[in-house]
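Take a look at the structure set out below.
Order of writing sets the labels: A, B, C, D and E. Residues in every chain begin at 1.
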Amino acid sequence: MPDGSIIKTAMLEINDLHGFYGESHVLHGVSLEVRQGEVVTLLGRNGAGKTSTMRSIMGIIGRRTGSIRFQGTELIGMAQHKIPRLGIGYVPEERGIFSSLSVDENLTLPPVIKEGGMTVEQIYDLFPNLKGRGTTQGTRLSGGEQQMLAIARILRTGANLILLDEPTEGLAPVIIEQIGVAVRALKARGFTIVLVEQNFRFAATIADRHYVMEEGHVVDMIPNDQLDANMDKLHTYLGV
Amino acid sequence: QVSNDVVRIGVLNDRSGIYADLAGEGSAIAARMAAEEFGGKVAGAPIEIVVADHQNKADIAASKAREWVDTGNVDVIADVPNSAAALAVQGITKEKKRIFLMSGPGATALTGAQCSPYGFHWTYDNYAMAAGTGRALFEQGKKSWYFVTADYAFGQSLEEETTKMVNKLGGKVVGTVRHPLGSSDFSSFLLQAQASKADVIGFANAGGDATNAVKQAAEFGITQSGQSLAGLLLFITDVHALGLSAAQGLMFTEGFYWNLDDQTRDWSKKFEAKAGKKPTMVQAGVYSAVKHYLKAVEAAKTDDSDKVAAKMRELPVEDMFAKKGKVAANGRMFHDMYLVRVKKPGESKGPWDYYDVVKTIPAETAFLDPALSGCPLVK
Amino acid sequence: MTAASQTTNQAAPKTATVALRGPDAGTARTALLFAVGLAVAGAAPFALYPVFVMKVLCFALFACAFNLLIGFAGLLSFGHAAFFGGAAYVTAHSVKVWGLPPEAGLLLGVLAGAFLGLIFGVIAIRRQGIYFAMITLALSQMVFFMALQMKFTGGEDGIQGVPRGVLFGIFDLTQPLTMYYAVLAIFVVGFALIWRTVHSPFGQVLKAIRENEPRAISLGYRTDRYKLVAFVLSASLAGLAGGTKALVFQLASLTDVQWQMSGEVVLMTLLGGMGTLFGPVVGAGLVVTLESYLAATSLPVPVVIGAIFVVCVLLFRRGIVGEILARLPGAR
Amino acid sequence: MFDLLGVPPQALFGQLLLGLINGSFYALLSLGLAVIFGMLNVINFAHGALYMVGAFVAWLLLNYLGLGYWWALFLAPTAVGLIGVVLEKTMLSRLYKLDHLYGLLLTFGLALIFEGAFRHFYGVSGQPYPIPDLLKGGQNLGFMFLPNYRGWVVVSSLIVCFGTWFAIERTRLGAYLRAATENPVLVQAFGINVPVMVSATYAFGVALAGLAGVLAAPIYQVSPLMGSNLIIIVFAVVVIGGMGSILGAILTGLGLGLMEGLTKVFYPEASNIVVFVVMAIVLLIKPAGLFGRER
Amino acid sequence: MTDDIILEARGLTKEFKGFVAVKEVNLQVRRGTIHALIGPNGAGKSTVFNLLTKFLTPTRGQILYKGKDITRAKPADIALMGLVRSFQISAVFPHLSVLENVRVALQRPLGTSFHFWKSESTLHELHQRALELIEDVNLTPWAYHLAAELPYGRKRALEIATTLALDPEVMLLDEPLAGMGHEDIEGTAALIKRVAASRTVLMVEHNLSVVAHLSDTITVLRRGEILAEGPYDVVSRNAQVMEAYMGTGGGAGHA
């Protein structure tokens, strides 16, 4: 559980982050900040660099420069497998369900790193679809069920910063609503959440602030309560 | 009178594969030793030795031989283990009229249907190994045979030659099991052989097949139960590889043994100083063949192949390898062979002291009568 | 069903290898290179040892046939020796024992290659990637054992003293130069056929299959059949190369059906550049030269060959020609 | 040989037992291949060569350090495993992002190097390796004479095989392994040190080959060529079993050993190709192999 | 009116090791309409889709295409009969140019696809038609680029052009808009509308506003069974559908 003394301090600070896939330079100086207990979204068109930002945090991009600090610890230069152990959980865009593992094995795969994660019971309450499917091969689940599983397995680990890349993609509206509920519940329990979304109407229902990305850097930051005032601007950014 | 003012001897053999130990660099050393005995010169021209690795590939052997003859001024090619390679080289040397001194190969076709006026088969052949062993063992009172045969032309011909000899003498073959080449596990076959209760279990195979078969025979305690094991094509390197405890009691035919007499011991000691191990029959045979060739060149005062070949047939072969050896019309060099039995570990007095010579097989009975060889050169 | 599960895995349609691009380089340049190559090959027997150049040509054709499969259909066959060696036996036997003229012997060799290719193909084609490689390897090992055991192959002695004969009743192949130009002509025909195949309607479909098989299926192509045709074609050409080699060396032996031979042709192609038209030719030239050079040294041949393999795979995946193409401006 | 067609049942039983012994070598080797394939998606062509190296290490230990069989049983697999770590760290690890075929080609080259080097230094005739004193002799089972050593080979390799199977299919470690095969980046992003796990797996897989080498040394000649023919048969075993499961590799290995044993009695000429024939038939009926999953 | 039905499933059932993913589904797609298949996650939409396109074999039931039983046909065969699917994840031939991508689909009717001895230039006669198709999906500026170089949305467009090249009577689209940005969604939806003018389309899609806008008929699946069927207005007011699928926001989740 988050420690009371660092509330309101920056949980994640990114400064002038540059990211590369091989030769291609995709992030051009991203800077942003996420405070303890916040829900923050990254918005932007396809290819704006949202996923790449998340991958940079996890250290699984080709190369990155600049600074990423998590609770004061610099992540750039750190061994890849140590980053999640600091308490960062990542739900990738492509879900990453393992086909050679059963649903149960998928669910219990990420090691629990801190206390305070959800129990398997709580997870089934949140995603009833997963119940009773324990022995099914992971990728045999439907697209949406896979998405649920991908989120569920991170909730188990107790990571206090959770990166969700397009969690609503391919989900039925009812389920999206459920995910909204879940995110608010997590927030209430003190988790910090960074969310990539195309669907900003959904984002508006749960987030505190929105960062807007374009061509590899952050072009704007809009607090949720000023969203209505900035609707036109946002529409131009996102090309709706 | 010597072409290009040099007598160039090409030692062509396997330097990296399965024949590398029994021929390989050792054969080149043996050839050099023969040249040195002539002071490096013959008929006024320097002797030069070139070597090449045919990697056990007939086409590499053929192209190397062709290249040597066409562009390398090589006068004589020596050794060439691996029958396919030797047959290919025989074809080329015949066409190009060059002397070919075969020590490594065993195929009887080399002095049979595929014989050549320029081809000399020196050390052994499959007939001598098979029929010789069959006869010698029969004379030791071992009359019934069971064959463990490698199922391809070579293994079958070994089996056939032995069978012919055993039947001719009045013995009998009680069974045969054919295994594919390159089998590593022989236990099944050995069990069948053991059940046959034959006097002799004959291994009509070679190389790794033969050594694995012998080794596993020891494991299954076959010799203890009274049956004899006979190898139909084994070399001293195989015995060395097996170790005496696995190979003890095994019988087979050899064309040469370093520990036969003072002459062989003497030469082998010199060889060992250069090669680091005792010579095999193939290597000793290369020495003898090259030496005989040089003698013939000396006598003919030319390296003209026809003249030298005639001289080689005319002169007796007399050296530490062959006593009163004689080259027959088909190119077969007749010399005595030896039936050997592998010593028990306790009996061996030192490294490479492996054999008891059970019997000397006289040249006349050791090899196939040239008249029966099917060689067109024999009238 | 196969395809259903494949669709779920199509996130990144597989391009067989990074090296497998290049074939689209300009036709004009290809033609120019080809003309230069032809001129060089025409003059070669006067400068080099003809048997050596013939050997290079045989292996070059073999490697090109192999490359047709790996480079343009994305299938790695580790059993091509079976077609090469099998055809060599058939050609050698038909010319020597049945007394057929060389052209008929070669034709039978090609048919033998095609036939074996068909059998291998039917068994292996349904599997991709490494499975395909392993299956072809295993099947070719079976052919090896059969070659060893069958009577007509002469076991480990091989078929020796194969007469070269008179091609079409006109060209006396016992003349070294006539033989040479006959081999060159065979190579050119084989090479041209491969070039044509790559740039044909069939070649287009093949490329599409290599790029994204489930998609090709959904467009109505029975992809297995296309792959099978490519496989048989490649096997036939390998057979042509093997038969020619049997005539050049006047022998057919186990060497040609051994799995090491399959490895060698992979090396030639890899070294020269997979998926490039000329790469296999260059690779074959280098490997044959190297082997004949190594034969006269005391270096252990397999170690050197193995080391080249490792170096190619680690540092040099595009191969020589592939590397040149990649660096040439405008070529990609 | 035809008189064998009416083989008495006990003799048949004896042959089956012998088949089982070969089968345990196949199982041990195909298991190693399957583990490596499962994790690295590499077909380890060098497997046969490393099996040979295992046997040679045993021989070298005996001849140069005087360390006998029981030491070798532990030290040789360790040595081969270390070689594996080096190979994986310096070479294989550069290929994971590429087509799997490159792994096959690389290890093919490595196999040539190993085999060639040992050939160069130790010749090809092979070296003798004695059966350890403790296991000399044999049991007369009535229908056959079973050398103690062969009994030991069957028992010990079965134990190793099923131990491995259990570790991979029934433990958490196994789940990590399987997951990392599919998506190493993601598993890494869960906080698991994948590169180390990959190296360890490769090392373990080749150590199994090394172990098989030590077990084989007293039965076969310790020769540089001992692995090169075996490996192709093991490939066929693996294709028949289907790469899907570890258990498949083990069971198919044993089964084909038995099958080969029977062929040696009824039609010995075909005993080398029976495995390939079975492979062809299985593939025609079940393209993914007996235990394989379509990918 | 049965001859109006171009594609029909009768009692279609699919079980996976005891788990029934699709249960007794009777589906009728009328010629010339856009028919959408929606439903909560795991309802069996993709499974139905895969059954109809022969990428899965049904446990029970029958599939009729133009009155002919195609239950046992192979995927490549049904494509030849004019029933063509798209893939959920974009399916192009990455290292062929856009033109070649389309041409591959066009070349089969020439009957020369096995002709390895013919020149590639025999295919040039197809270029005009290919370029027309490319024009249709607004890819003309990209015609000579490699497909791999296209942005995601354009790849989808290319895929549709390729599919159209087969001149299919029925197109089956699996989540054609998934993963697209807002700017691409509208364009692609319009494209679907355009190409559907002369053929039949069956699609699986979660984007309700698009579904509402495009489709003539909607079938809602739940737990493998049909829950409701009809035009959008009817279906979206069905209480069960609202509960099982749309949620309280009535599908507002999507832009």
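A few points about this structure:
Keep this in mind: contacts are C-beta pairs under 8 Å (C-beta built on N, C-alpha and C of every residue); 3 or more make two chains touch, one makes a residue touch a chain.
To keep track of the chains, here are their UniProt names: A, E = ABC transporter ATP-binding protein; C, D = Branched-chain amino acid ABC transporter permease.
Note that the coordinates shown come from a computational prediction; the quantities given were computed from them, not determined experimentally.
Hopping across touching chains, the smallest step count from chain A to chain D is 1. Relative to chain D, the chain whose mean Cα position lies farthest away is E. In terms of C-beta pairs in contact, the better-connected of the chain pairs A-E and C-E is C-E. Between the CA-based centres of chain A and chain E the separation comes to 31 Å, rounded to the whole angstrom. If you average the Cα atoms of chain C and of chain E, the two centres end up 42 Å apart.
Computed from the mean C-alpha positions, the centre of chain A lies at a distance of 77 Å from the centre of chain B.
Separation between the centroids of chain B and chain C, computed from CA atoms only, is 38 Å. The residues of chain A that reach two or more other chains are 99, listed in rising order.
Taken residue by residue, chain E touches two or more other chains at 88, whereas all remaining positions touch fewer. With touch defined as above, residues shared between interfaces to two or more other chains in chain C number as follows: 1, 11, 145, 149, 300-302. Those residues of chain A that touch chain D in the shared complex are 58-60, 79-85, 90, 92, 96, 98-101, 105-106, 108-111, 113, 157.
Contact residues on chain E toward chain C in their complex (touch as defined above): 50, 53, 55-57, 74-76, 79-80, 84-89, 91-96, 100, 103-105, 107-108, 110, 112-120, 122-123, 162, 166.
For chain B in complex with chain D, the touching residues are 16-18, 20-22, 151, 175-185, 187-189, 191-192, 195, 207-208, 211-212, 215-216, 219-221, 237-238, 240-243, 245-246. By the touch criterion given at the top, residues 1, 3-4, 7, 10-11, 13, 15, 21, 193, 196-197, 199-205, 207-208, 211-212, 214-223, 225-226, 229, 233 of chain C touch chain E in their complex.
Residues 49, 51-52, 55, 145, 148-149, 151, 154-158, 160-161, 245, 249-251, 253-256, 291-292, 294-296, 298, 300-302 of chain C are the ones that touch chain B when the two sit in their complex.
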